[in-house]
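What follows is a set of structures for review.
Next, two complexes with chain A in common: one pairs it with chain B, the other with chain C.
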Partner chain A sequence: MADGDMVPQAMTLVEDEYPHVRMDPFISIMEDPDEVPFIIHRVDSNEIVYQPRRRKAKLIGKYLMGDMLGEGSYGKVKECIDTESLCRRAVKILKRRKLRKIPNGEQNVQREIQLLKRLQHRHVIRLLDVHVNDEKQKMYLIMEYCVCELQEMLESTKDKKFPICQSHNYFGQLVEGLEYLHGQGIVHKDIKPSNLLLTTDETLRITDLGVAEKLDMFAEDDTCRTSQGSPAFQPPEIANGLETFVGFKVDVWASGVTLYNMTTGLYPFEGDNIYRLFVNIGKGEYTIPDTLDSLLSNLLTGMLQTEPEKRLGIQQIKRHDWVIKKLSRTPDYVPFPPSGEEGDVYRSMSVVQYLEDLHSGSPSDDEEYDDSQIFSDNIPYSANNNAQPVVKENTIPEHKHKKKRAKSGLLASCKQS
Partner chain B sequence: MPFFGSSKKSPQELVKAIKDQLQVLGTKSAKGYQTDKKVSEDLTKNLQVMKTMLYGSADSEPSTEVVAQLAQEVYNTGTLILLIKHLIRIDFEGRKDIDRIFANLLRRQIGTRMPTVEYLCTKQEVLFELLNKYEEPETALLGGRMLRECCRIESLTKILLYHEAFYKFFDYVELSTFDIASDAFSTFKELLTRHKMVSAEFLEANYDRFFVNYQKLLSSENYVTRRQALKLLGELLLDRHNFTTMTRYISSPDNLKLMMNMLREKSRNIQFEAFHVFKVFVANPNKPKPILDILLRNKDRLVEFLTKFHTERSEDEQFIDEKTYLIKQITELSGPKDQMEVLK
Partner chain C sequence: MSLLQQCACASSKTKESPTAVPYSRKHQTTSASPPQNDGLSQGEDNRIHSTMMSSGSFVPDTKHYELYTVIGRGCNDTAGIILTKHIPSSKHIAIKKTNLESCDIDFSVLQNEVILCRQLQHEKVLPILTTFIHDHELWTVMPLMAYGSCKDLIHAYFTNGLSEQASSYILRDTLLALEYLHSKGIIHRSVRASHILVAANGNVCLSGLRDAHSMIQRGRRLRIVHDYPQHFVRSLQWLAPEILEQNLMGYDCLSDIYSVGITACELANGYAPFTDMPVTQMLLEKINGTKPVLADCTTIADLVGEENTNQGHDSGIDSEATNSREITDLANARKFSHHFHNFVEICLEKSLETRPSASTLLGHSFFKHLKKKTSEMLPSLIQPLSPLTDISKLPKAQAGDVDDLAEDINNMSMEEGWDF
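Then we have the complex of A and B:
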């Protein structure tokens, strides 16, 4: 029989070290399907050997945790899924121990929660839920899911900048968001690319209101006294240490630096240390690269005016020709960079593996799971909203755990082969 | 010159054909409007061709040049207003295409110029024709959508706000057909909230007339109107852009009385919304005498009332904080005599 000849061939190919060669017999079969109606295809053992699940399901309230999205000084941000609505979310995990080490850390978090709770706008991040675990001294802020920070995207490019049309798109949205915040009497005080997130449909969301200030409802103007924002984005009035300054114009300045940074890959002011940086900002001398067109440099000049009174206001920016101008998308538009160690270009949902563990994790495959543990994994479904996460959540042992299991996986594959 | 689909018409010919067909459909004879099936079908076809010219098709991008010619022809022949006027005599598919055509033309931009917006600024009657659609149930929602499309543009919002016809909204939002009334309300809200500076200036300049009318909405027989109006009022007053309007609003004892009555409404939702306006009166550090008098006269009752007010909202920390603050403020209120002493 013809296929009798094919089988050994396929088998030898399987043993080949180069997986792409293996495709060849298939191609020939496809070309002549009548001759070879059936083929036994052996797969390299590495491909089918049971890979131990290293993802262990963990629920905080109704939220199933996924992989880590980012890490800050306060703690981690993880992806998660709302097991009731099946919406993809992000959770900011704050550890009191870490917060204490940051100046005003705890206060800032409280303020951020207070502010975010009442805000609702297309260009401001939504805080959906807050869980506190007093026992572990942890706080979980459940936010809407965003794909990535502008900063991360900038860093993924060669020149650390966006094409003009892309900057234009994000900047317009930033201005809309700021107009709303200012309308609510909130000065953000820390506008910069790493505090601007994008959703899957590229809607910009302003985040991190940790150092924001809410003006008194009856305050006649927007005078502020304190600032804790990022140095490179601070305006001259703060760099020069003025006691009071006009709040909204601080955000305008920082947005100007952000726009400058997005379009050029540079910062208008630099310095080896914060002192030098502030001296340079205070002087207010900077240059705009002549690669930028005159409209854009006019806008930047208006936003980076040393005198707050001369600096453009949000309304003037909204009406600026560069902002109004329509730009068509150019081919060098920067995509979302791939996520995770595997470099997933689709930035797929990372909770899937945890979901598998939650629902089909069977103890028989792995001695390390015992029935009680699986059982406890499921308990949070019935847990109340102030849920005390049932599964022990302790990062360090979990790492050990992973390694141990990986090792056992390796052994298993040896045994099989 | 590229052609589109089966049509061999140039933009000029297409616009002319559409205009002619509209005129046929719009001619009123003794028996009423003609219903020529053939003309109507042709018109729908032509509208579809026009839409394809603007949006392109699966295998062809729209040509900038053709779009420019088409737009120019639409402006020159005044076709937009005809399309809107005769909306009711165009079939369903045709209406849908008109919606898309209008949106496309409106968003058209050359550099910083927006030709259709410029055109509409000189032909304002188009906007008011759209507004009048609220009186024509069959096309009200479509007209409303096109109108909200115009609200995206600051200059058009300004025209709509400052025109006499704006006050028709106060009737439209109370129309008996629920979906039309809701649609009118969302357009009304869009006009007042989208372009902050324009609406803030408008409210300041037309404070009296606007709020006399708004008062009617707040005391409407219709629960939905009352609730929506109250919510929007809160939003407007708490937006810093409307600071001047807010200070003026909270200086009026009548407004305070209204809010105190709304705090006791049957509906808990209305009570809750009213709370968010009422708190502004109390939090005001410079309460005018009439306001202070009312609060003082009702001091004990208010404290008692607020203590029991929506106690089930134990999860809402912000609400609890605000309520506690208000109770404290009212408890500590002192009469004018005491105030004088403090001043001394």
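Then we have the complex of A and C:
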């Protein structure tokens, strides 16, 4: 059993999420080898039993943490589950220390929270809850769970592109989401495949409003002055360094580049470095592969117009013949790539292993629940926080679970099949 | 009060003392008379049912309805179910009044329920006769289901479960309703005892279509759906594992069949499985393939064996040990047929490939002996309970006086009411 204990503990130390983990005696020996005679036991390889990694349950408010979904410059994104509704969620974990190192990091997060809290649309990601841990200098943004990034799906294919019908499906949803955002006076400014997520039923959700801009309610038009979006998706007016530009048309351009990328696996403009790239974008010279039909290349041309005034608007795009037309699904439709080391085709909940820990019967586990952190109820990033419910503490009533567990076998009338 | 809590308290009461019925005595004394002799005769009730479906006589006008008393709550307690007299016909009906201002449910969800229900017409699906908005309230006019829900039956008298025969009639009618809904591409998603209602004549209707989900989207019938009913926390116990898992596999109409299996246990045992554990543990149990069973002398030995091993880990639960003994005694004293056991087992198949459809299940040996109509048999099987029909004795309420009515509910014989 000693081997078994060692494995999870050593693994857990890698995770800085769990500072409460006790130091393993084995490791202290390693640190101070003079003090204790170092004995090497000979173990037959057959005796070594590889135990699966034990996952330790961790709660943030009512959310039980699962595996990591991704990692950005701001911090990690993990899967989690709402322990009341059992709904799958994603949590963006932001560390203030990291945010300070990024230009406008804290401001961007603040803006994103303020924007997302007000938005509710089928094609825009929803922010459900914000938790702040002042002691750890961390912030947790609880979002809707999405099963895959568009970028991840593109990368799972050989040519890094989708069949036309699939691009058509996603693009139509993107336009609907953009129409809503623009209607709300919001310029996203960072539309690209890695900011477009898909739910289990393939509904597209626009995410990452970190560099988005909310126009002033009384602004005469959608003139913007700043942009921090991804270089390859920037329009000529930004590449050329214009002081002001038309905000909504920036999103149109980026959506055009996204559509170009999804259908061809290429980018309309490239460059060895950001300078060369911007020079090429500024020139506005690109070619559309002849593999694309004339209707689609007409749409792309309309969206990738150098002059923002000549560029199509969202309403024109919505009514474009290529967008309107019905396409049936072709056999080369790209499925969601399998997830995790095991290659799970269903992309099942990773939280289950943590649930095992939460409800495992061994009494020695109790100390793990000391992880309960008490969160301050202030949300420093939201000035006008009109009632996002914040759960102040997350004590797990473990003793309750236990008492109940004792009779659950009988009352639940269950048997293991 | 949340329904989960109700479940928990129901089962705990069962443990404390099987004779103590959490219900007013008054009701039981009135129940001595057979249901046919009550204020509303069976014939009349039948007529109501047949005419209600087709008649356009239910007008969206409050003047046509004389409200009596609250007989239940719904919609997270923001809706009251009110026993009502339809003045033009002098018939007794039920009106669900939902306060739209205090209701935390999205209006579109309520709207969907109405739109869906009005497209349906089946003897075993509770119809909506008319709906309208009066002030800040949504009025939904429905036939009166005078026995209340099957959960009411359990709470009122059958705290240790209904008889196998009564359960079989109720389950058959539930499956008939599901067979119809599934043929229309509708997944009910909250089949449970509190959504199965019994009329004075014994007819069984499925209600609770607020959580229902249509597989027909944009003119196409989908093979699987993924929508997670995140607002319906109260039905989590009954949900199939594939709904709870929320992965790419998705789910379909067969997920309702799993809920039928859980409901079968609920009807026969008197409490729903997984009642006494946190929902997170329930999720784990379902994913790990735990299959609830009917508690009787054939299964109790296994269940108690499990119990004893559990007690090995945990000490200091003497009071619970005595409760377990009571349950053990109860279970030992009864035996369900192997048909019933098998029915529950196949409903609770984890794999969608092996789980049967509603139509297949209607041919199951469990239902072989049922020749008569449920409405002919059920009232006699749920005696001594009687339907709520003698309205003349009830206090007449002022229209729109829901808040006061809500207080009256405690004095009413049908405490638990309906859960729509």
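Methods note: the second predicted complex is superposed on the first by the 308 of 417 C-alpha atoms of A that agree within 3 Å, B and C clash if a C-alpha of one lies under 4 Å from a C-alpha of the other, contacts with A are read in each partner's own complex, and residues count from 1 in each chain.
Just so it is clear, a residue touches a chain if its C-beta (ideal position, glycine included) is under 8 Å from a C-beta of that chain, and two chains touch if they have at least 3 such contacts.
On a predicted model such as this, the values are computed, not experimentally measured, just so you know.
When both complexes are overlaid on chain A, the residue A:147 reaches chain C alone and has no touch with chain B. Of the two partner chains, chain C is the only one touched by A:358; chain B is not. When the two structures are aligned on the shared chain, A:117 is found in touch with chain B, with no touch to chain C. After overlaying the two complexes on the shared chain, residue contacts for A:336 are found with chain C alone; chain B is out of touch. In the superposed pair of complexes, A:218 makes contact with chain B only, with no contact to chain C. Judged by the number of chain A residues each one touches, C leads among chain B and chain C. Legend: residue contacts after superposition of the two complexes on their common chain; A:345 is shown touching chain C, with no touch to chain B. Within the superposed three-chain model, A:83 lies in touch with chain C and out of touch with chain B [touch as defined at top].
By the document's definition of touching, of the two partners only chain B reaches A:325; chain C does not. Of the two partner chains placed by the overlay, neither chain B nor chain C lies in contact with A:160. Of all residues in chain C, those touching chain A in their complex are 11, 15, 225-228, 230-231, 233, 236, 244-250, 265, 269, 271, 273-281, 283-285, 287-295, 299, 302-304, 306-307, 310-311, 313-314, 317, 320, 323-324, 327-328, 350. Taken together, the chain A residues at the contact with chain B in this complex read 114, 117-118, 179, 182-185, 215, 217-218, 315, 319, 321, 324-326.
Across the complex, chain A meets chain C through its residues 64, 81-88, 145, 147, 199-201, 336, 345-349, 352, 355-356, 358-359, 361, 363, 401-417.
Of all the residues in chain B, the ones that touch chain A in their complex are 109, 111-112, 154, 196-197, 238-241, 247, 280, 283-286, 318.
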